[in-house]
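Presented sequentially are two complexes of chain A, the first with chain B as partner and the second with chain C.
Moving on to the complex of A and B:
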């Protein structure tokens, strides 16, 4: 009760502070003093403070199971373990928007602290643009999705948190993802502000690069966590389904990656300035667009919490206001300045090529995600775009992309030629031979795979060679690219070598297939506070006579009454053994799905390597 | 001049996107299916396909016989596949077929029925998909078997096949 009240009034105060901040900032912007008004800094701190209080108010309401709060009533239950009561705070629409707001205010406060050497007007304008976004979200929250709605008479019991969200990884996935996803707002505001101040310079590039890296690292890790969750919780045995919600997190990642590479060019010389601003605008716009797509209910997805058209319309209008505002500012203020021309064989060109590929991947995903909506509205025809579309359009272009990643970093700025040609050729030949030998043994020697895997191996070897034998002048980049080659290799071999057995089986039965024996030993029932579980004991003997014991689980949650299937996964360095079971209604059989998935662990490791590359670049001291 | 033209085109394009998204919002398609076997028939009102009059569900399922509720749409390709089987089933006297026309364009639906035949004793309209939610449907096509006590006793997700038809025949015997 009290916590909710405090939370609500803190929100209102936070909104009030937004207006006050903007007012003082405008005065400070127009006065002739050189100094930055420090009141702005303290007000920004108070704004952050009130949003934190409001957030804690919601957390406390969840911990106390205060069902007079509508959000708590809808998403919690007294039997939930404390951990999930807390994570339930952001496991719903209202709470997660409060988290948005928290990240927005946190980033502008940190930005103000960290940008003391920057020009005064630039800092103030960044603050103002960020406040536009913050005010938008305050209004959105208070008007359409108030987390502190009061219920009276208050119910005795809540409706419970969706069981598939009751998972340790999913508890940390939203905060991490948001730091990247929403964190891109600061890049957006800073880029717009820099455009108006004609400040797209080398200095600006050095300063904004840190923020891009921070967003990028968190976004990368956030996407990975979501993917790990989907892998073992959804029980389909895949890690990426091209679901709209996955796509909307990947799209800003692509533009952010492109932006990260362009900023490296701008650090060295004033070039690609318009492109950089456009990428900065696009990244945040895509984040907003993603929020619109999954929250408005226009697309079906696991992140659609409630279908409320009013919310959709609000975000949609706000999104387009931001788009028109940013494009207006860009066209009014931006002056393209390119110092010198670009030679075709240089690092700049290779980064431009990287960008073309990124934009291609982006458009494929963007079209795949939004095309069904367009078609539905225009012709009332319903289609769904599935994985084959993305695979067919993306994978052929990965090969040249990977080759570009081999040569690009070896080039110098301005003008250069490729060195160490012989060692590159040797590595290339080795990659092709290795691929052919491996694929010959696998009976899938399609030319398509040969090309793609050779390219991935080529990048793999050339980055490995750099890691071990060369001066480590750009180790962060090498590690990130090494991680990427490992990622592509793991994904490819994973998809080629995965095998699956789906069958119905009852207790005590044995099932043989291709010298693999699945023995269903027994089932056991267990009671937990918020669910009952049925655990299946399986013994699986593989071709070589070795056996593993797997215990997949079915959980019958009490509130809301939903059955979830928890896969049991035995992870080893080289492969995962994955077993999920499901009830076949009305008889004693269980439907089981047994999969052997090679190199799963390496997919996660390589994404972590990618982020480590980012972190090292962030920590690197400027020489 | 050139920049103005570019801006104009961009503006038109973005406005177009806005309109599409705005329209897309109004025909939202969210539903949370409940997987429940053997439950009571939901109580609802629906428009009749031919007369366009609202009818209560009690009226629709008033006869003392087995019913099949089949969710279909003219845009749904698998529905075409199962349609001949439904036609066959409709010849069985012990069972009555009710069609639920799901999120469809009425003209297209009529064309569909004229072309492939009408197995249903009655067709109901579910233009926004809410009735399908009442039944806990995942999508189209989906078929529910309702017994004489007006309980949903079976649910078949996806197009029905000969095996399912045999199963239904066995139950209603």
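Moving on to the complex of A and C:
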């Protein structure tokens, strides 16, 4: 009760501060007093403070199960464990937007602290642009999705949190992902402000690079967490389904990665300036679109949660205002001042080529994700675009992309030659031979996989060699690229070598397939505070006579009444053994899915390596 | 003649144009092959000819129609006007239940018989795929 009230009023106060801040910033735009800086900083701190209070207000309401608050009523339940009461705060639409707002204000506050040596006007304008976004979100929150709506008479019990969200990884997935999404807002504001101040220079590149890296690292980790969750919770045994909700998180990642590489060019020489601004705008727009598409219910996704289309319209309008504002500013103020010295064989060119590929991947995903929506609007025909579409369009271009990653970093700035040709050729030959030896008896599509995998091996070996023999001046980049080659290799081998058995089986039965025996020993029932669980005991004997015991679980939640299946996964360095069990009401058969998935662990490790590359680049002292 | 700068710009534009055309062509081409259409049981009854392409069918799982044996799941999808028999051998999602919404992906054998290769999962018991909602009309 009280907590909700405090939360609501802090929110209103925060909005008020937004206007006050913008007002003061505009008035003092030409002023050079020192005190002004502290004023802005403390006001910005208070804004952050109020949003935090508001957020805590919601958390406390959730912990106390205060069902006079509509959000709590819709998404919580007294029997839920404390941990999920807290994580339930951002496991719903209203709370997650409040979290967006929290991160928005946090980032601008940190930006103001960290950018003290930057030109004052640039900082003020960044603050202003950021406040425009913040005001938009405040209004959105208060108008269409107030987390503190009051219910009277208040119910005694809540509706409960969707059980598949009651999971430790999904508790931290949204905050991490949002840090990435919202981190791009500061890049957006800073880029626009730099455009108006004609400040897209080497200094700016050095300063904004940190923010790009931070956003990139969180986005990478956020996507990975979501993927891990989908792998073990959804019971399909895959980690990426090309589902619209996944795609919308990958799109800003692609533009952000492109931006990260372009900034490296700008650090060295004034080039690609327009492109950088456009990428900054696109990244944030795509992040907003992500929120919009996921929250509006427009997307037909396996991950879609019931939601409200009116909110979508608000975000859509807000989005269009931001796009027009930013493009307007870009065309009005931007002055092209690139140093036009381009040589074909240079690092810049290779980065440009990298961008070219990134934009291609982006457009494929963008079209695949939005085409069904357009078709539905235009012709009312319902279609869906499946994984084969993406695989077919993306994988052929991965091989040249990987080769580019081998050669690009070896080139110098401005003009260069390829050095160490012989060792590169040796590595290339080794990669091809290794691939052919491995693949010989494995796959029908030999040529296609040989090209792809040898390209990945080539990158793998060449980065490994660099890790061991080169001077460590660019270790962050090498690690990130090494991680990427490992990622592609693990994904490819995972998809080639995975095997699957799906069958319906009764307790006590044995099922044989290709010398693999699945024995369903027994089931055991257990009672937890908010669910009953059925645990299946399985003994699986593989071809070589070794056996594993797997215990997948079915959870029947009491509120809301939903069954979830918890896959049991035995992870080793080389492969995962995955077993998920399902029940169909009124039948004695259990539906089971058993999968052997090689190199699963390495997919996660390689993504972590990617972000470690980012972290090292962030921490690197400039020499 | 033209300066180096102009030539470079020109080359850039040509490259850009080529890659855009290539992208659009590739994307449209594989969209045509990989798109899966969605239909309701009634729409299938009214089809004039049967396509060999992959389809999605959505509706409700008819009450007491689920029948399981050791290698298949059989059930009936209904939109309360027409029905279609579905045979499926694969993993069923958690929320697959009698009287609940369902989307099955697969191939038509004839107007009354559908061979499913995938049954789509949902995350939320209140959530109904928009297609199913439309297909069911006011129900």
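As a convention for this text, the second predicted complex is superposed on the first by the 606 of 623 C-alpha atoms of A that agree within 3 Å, B and C clash if a C-alpha of one lies under 4 Å from a C-alpha of the other, contacts with A are read in each partner's own complex, and residues count from 1 in each chain.
Heads up, the rule we're going with is that a residue touches a chain if its C-beta (ideal position, glycine included) is under 8 Å from a C-beta of that chain, and two chains touch if they have at least 3 such contacts.
Just so it is clear, the structure is predicted and the values come from calculations on it, not from any experiment.
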| item | value |
| --- | --- |
| Clash-or-fit label for the pair chain B, chain C on chain A | clash |
| Partner chain in contact with A:373 - chain B first, chain C second, else both or neither | first |
| Which superposed partner A:323 touches (first chain B, second chain C, both, neither) | first |
| Contacts of A:505 with chain B and chain C, given as first, second, both or neither | second |
| Which superposed partner A:43 touches (first chain B, second chain C, both, neither) | neither |
| Partner chain in contact with A:386 - chain B first, chain C second, else both or neither | second |
| Winner by number of chain A residues touched, once chain B and chain C are compared | C |
| Doubly contacted chain A residues - partners chain C and chain B | 297, 300, 304, 381-382, 563, 585-586 |
| Residues of chain A touching chain B in the complex | 292, 296-298, 300, 304, 307, 309, 312-313, 316, 320, 323-324, 327, 331, 373-374, 376-378, 380-382, 563, 585-586 |
| Chain B to chain A touching residues, read off their complex | 3, 7, 10, 14, 18, 20-30, 35, 37, 75, 103, 105 |
| Interface residues, chain A side, partner chain C - complex | 162, 164, 234-236, 297, 300, 302-306, 340, 342, 356, 360, 363-364, 367-368, 371, 381-386, 388-389, 392-393, 502-505, 509, 511, 560-565, 580, 582, 584-587, 589, 591-593 |
| Footprint of chain A on chain C - complex, ascending | 5, 8, 19, 23, 26-27, 30-31, 33-39, 56, 66, 68-73, 89-98, 120-127, 129-131, 134 |
